[in-house]
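Two complexes come next, and they have one chain in common, chain A, joined by chain B in the first and chain C in the second.
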Partner chain A sequence: MSVPEFLLRLSDDRLILGHRLSEWCGHGPILEEDIALANISLDLIGQANLLLELAGKEEGRGRTGDQLAYFREAVEFRNALIMELPRGDFGFTIARQFLVSVFGILHLERLSQSRHGDLAGIAAKALKETRYHARHSADWILKLGDGTAESHRRVQDAIDELWRYTGELFEMDDLERALAGDGLAADRAELREPWRAEVGRVLAAASLKMPADGFMQRGGREGRHTEHLGHLLAEMQIVARSFPGAEW
Partner chain B sequence: MSSDAPSPDDPKRTAEFEARIARGDVIEPKDWMPERYRRQLIRMMSQHAHSEIVGMLPEGNWITRAPSLRRKMSLLAKVQDEAGHGLYIYCGTETLGVDRHELLADFLNGKAKYSSIFNYPTLTWADVGVIGWFVDGAAIVNQTMLAKASYGPYARAMVRICREENFHKRQGYESVATLARGTPGQRAMVQDAVNRWWWPSLMMFGPNDKDSPNSAELIRWGVKKKSNDELRQRFVNLTVPQAQAVNLTLPDPDLRYNEATGNWDFGQIDWDEFWAVVKGDGPCNRERMAARRKAHEEGAWVRAAAAAFAAKKRAAAAGAAA
Partner chain C sequence: MTATRSDDAVPGDSQWPLWEVFIQPEPGAPHEHCGSLHAVDAEQALLNARDVYARRNEGVNLWVVPSQWITGSTPEDVGPFFDPANDKAYRHPQFYKTPRGVKVF
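Let's turn to the complex of A and B:
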């Protein structure tokens, strides 16, 4: 059962972050950003949809992507904690998107070489999209870091706040080590240095400081989430759960 | 736009302009036009753009609760399209010599209007489908006419926007049809949404012709080709059979087919409600404006940062060139 579990980690990261981004729709700082954030959200939810369908197929219990999205409890979700944190201000949203997208590129580059053909295909498509997400968010990191004193302070605060949630992205456990050994998954730990290099490069260009690695929050991969996830899911799942057996 | 009073335009040029309109010429931004024509277009186009932006709110209200991933993506894409339409029409309006910031300021301080339909609340998931069907359907009837408007940039914007609205309407109707043949709970939900949105949708076409002060002038100048009442009738005629096809009833006991005219006759619109909503007393007027102002205020530091960054880049480029 390790492949579906791994696919849920990938899909839930995208579903939950996509949900957070979708909360901006109609409330962005400029119209162009309403459009851009909706675009990124659509990409991520689209990726999640494909990965959830694949997880359901691999699981072999007849669950569809929608059933996995709408009828699991918070403790059954496998996303990293960073994805579920509330959207915060625009600086927080952009900082998170940047940190996660740089990781996403490195991870997807390897997953697009996976021996699991369906996963490799989804990863290759997602990689193209994620390159755009990283570019878009890095552009904003530069603008906010090197804009006004206020924008600099806000985005630095966001990076500092988010930093303790980044460690989880690189965590390996027996499940992923075994899959990586079989050429199905990738070694996340190996991505840490290239990630630090790229994040450090952009932060330096934006005259922002890279925080020191301290205590890292973790637990999402085992379903030990922040309190925020339950509220997010209560909202996301309410209609689907209110009409059991309905088609939409 | 401080005043709607017509400026003293040269009568000879005005006559030439009206002859061009009569010939069916398309007016382009560089062409001479009466000041009153320009102002009417700014008013109409900016109202249209503001409506797209406010229109993101009632439907956006359901993005996070959409009951399937497919519906969630469709809705997100639809609301994103509306932002795109707003942007596109703002750009079109700028060809008339105003800039987007001015238009936005008039909107945020309550001077400029937007379509009243968006001052109604979205109470259930079914509202999303019904809005696609009714509100986009009504918008298409109106915009298909405006796609032939005498002002080129507006007409071209409408052609492009209509294409997307047609897609939204089909999607909305398909969602309604799915609910209508669904569980008893889904059916009740969609019938209730139809009951709430029908009359406000008819009001989207504006007052009766006799009470519409701008219409005659807009028709004379080829901006509008049909009157409010003609467009409303066309929408009713198109929508009644669609409702019948999915076994939903429209909440009007006076609705009946008129053999003589070939139209669906309908009952009296509650114009008191219409004017109350226009004047700011609809169920959500305050919430919609508050949401837009909040987004604008909370985004102020972001826009300031982008402007400061751009200024630094320009200064650096100028320094390098010197």
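Let's turn to the complex of A and C:
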């Protein structure tokens, strides 16, 4: 049972963040950026779909990706809390995307070597997309950090606010330790230093401060979420739940 | 008198410079103009071009060029530039008869 649980952690991170990004559609600061955020959103939802289908297959109870996306309750979601936080202003959205994408690259590099062939294939595809997400958001971090006093303040506030949610990305538990031991998963804790190095490099170039590690929020992997996830799910799931089996 | 960039002419639309985007459909093929976009620098123009013009597998390489660096002919140039070509059929390969013995493809 541990493989499907692990796959849900990977897929839910992407599904929930993808949905958050989709909220920008039609509200981007400029047409080109509106399209860029929608593209990233679609990349993430596409990755989530592949992972959810695989989770359903591994689970062996006949659940499809759609059923896992639309008919689970908040307590059954396994995403890290950072993914479900409201989209905030553009600086907050970019800051989160940057922190998460840098982690995503490091994690996917290792998962693309997984002994689980299907997972390795999905990770290799997702890695290319995620490299682009990191490049796009890092470019914006530089522009906002080095922009006006207001853009600098907003993106620094966002980094400071988000920092306490980054620890969860690197958390290991018995489940993932066992999978990593079998060559199926990766040791997240090993990713922490390379992540700090890359994040620190970009923040320094953008004249932004890297916050000190303090208290870290956690609980998403066990289904203990913020109040925000329920509202997000209500919107994301309502059509599928109102018209079960509908096709479009 | 200084030239006015087109993007400065519409206040509130965007203060960002305009860029022209060229895409190479396949290796070895010439880059073709596919549209324009706004961006503050070359890196952002390239990223925006990727998102706006290359997300459906349209090509293998992108060029972005600040629109202000492109000099174009004007409608008034149409006569002097292009009309003289009309009556000079000898500039077209079809003007010449194919010699006997040459295989025509």
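Throughout what follows, the second predicted complex is superposed on the first by the 244 of 248 C-alpha atoms of A that agree within 3 Å, B and C clash if a C-alpha of one lies under 4 Å from a C-alpha of the other, contacts with A are read in each partner's own complex, and residues count from 1 in each chain.
Operating definition for what follows: contacts are C-beta pairs under 8 Å (C-beta built on N, C-alpha and C of every residue); 3 or more make two chains touch, one makes a residue touch a chain.
Every value quoted in this text rests on a predicted model; they were computed, and no experiment measured them.
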First, second, both or neither for A:E32, with chain B first and chain C second: both
Chain B versus chain C as contact partner of A:A178, first or second or both or neither: neither
Touched partner set for A:A189, first chain B, second chain C, both or neither: neither
First (chain B), second (chain C), both or neither touched by A:V75: neither
Touched partner set for A:Y132, first chain B, second chain C, both or neither: second
Which of chain B and chain C A:E23 touches, first, second, both or neither: first
Partner, of chain C and chain B, that touches more residues belonging to chain A: B
Footprint overlap on chain A, comparing chain B with chain C: 30-33, 35, 39, 143
Contact footprint of chain C on chain A as seen in their complex: 30-33, 35-36, 39, 132, 135-136, 139, 143
Chain A-facing residues of chain B, complex: 53, 56-57, 60, 63-73, 76-77, 79-80, 83-84, 86-87, 90, 125, 175, 178, 182-183, 185-186, 291, 294-295, 298-309, 312
Parts of chain C lying in touch with chain A, wherever the complex brings them together: 14, 16, 37-40, 43-44, 47-48, 50-52, 55
Chain A residues within the chain B interface of the complex: 19, 22-23, 25-35, 38-39, 41-42, 45-46, 48-49, 52, 65-66, 69-70, 89-91, 142-144, 146-148, 150-151, 154, 235-236, 238-240, 242-243, 245-248
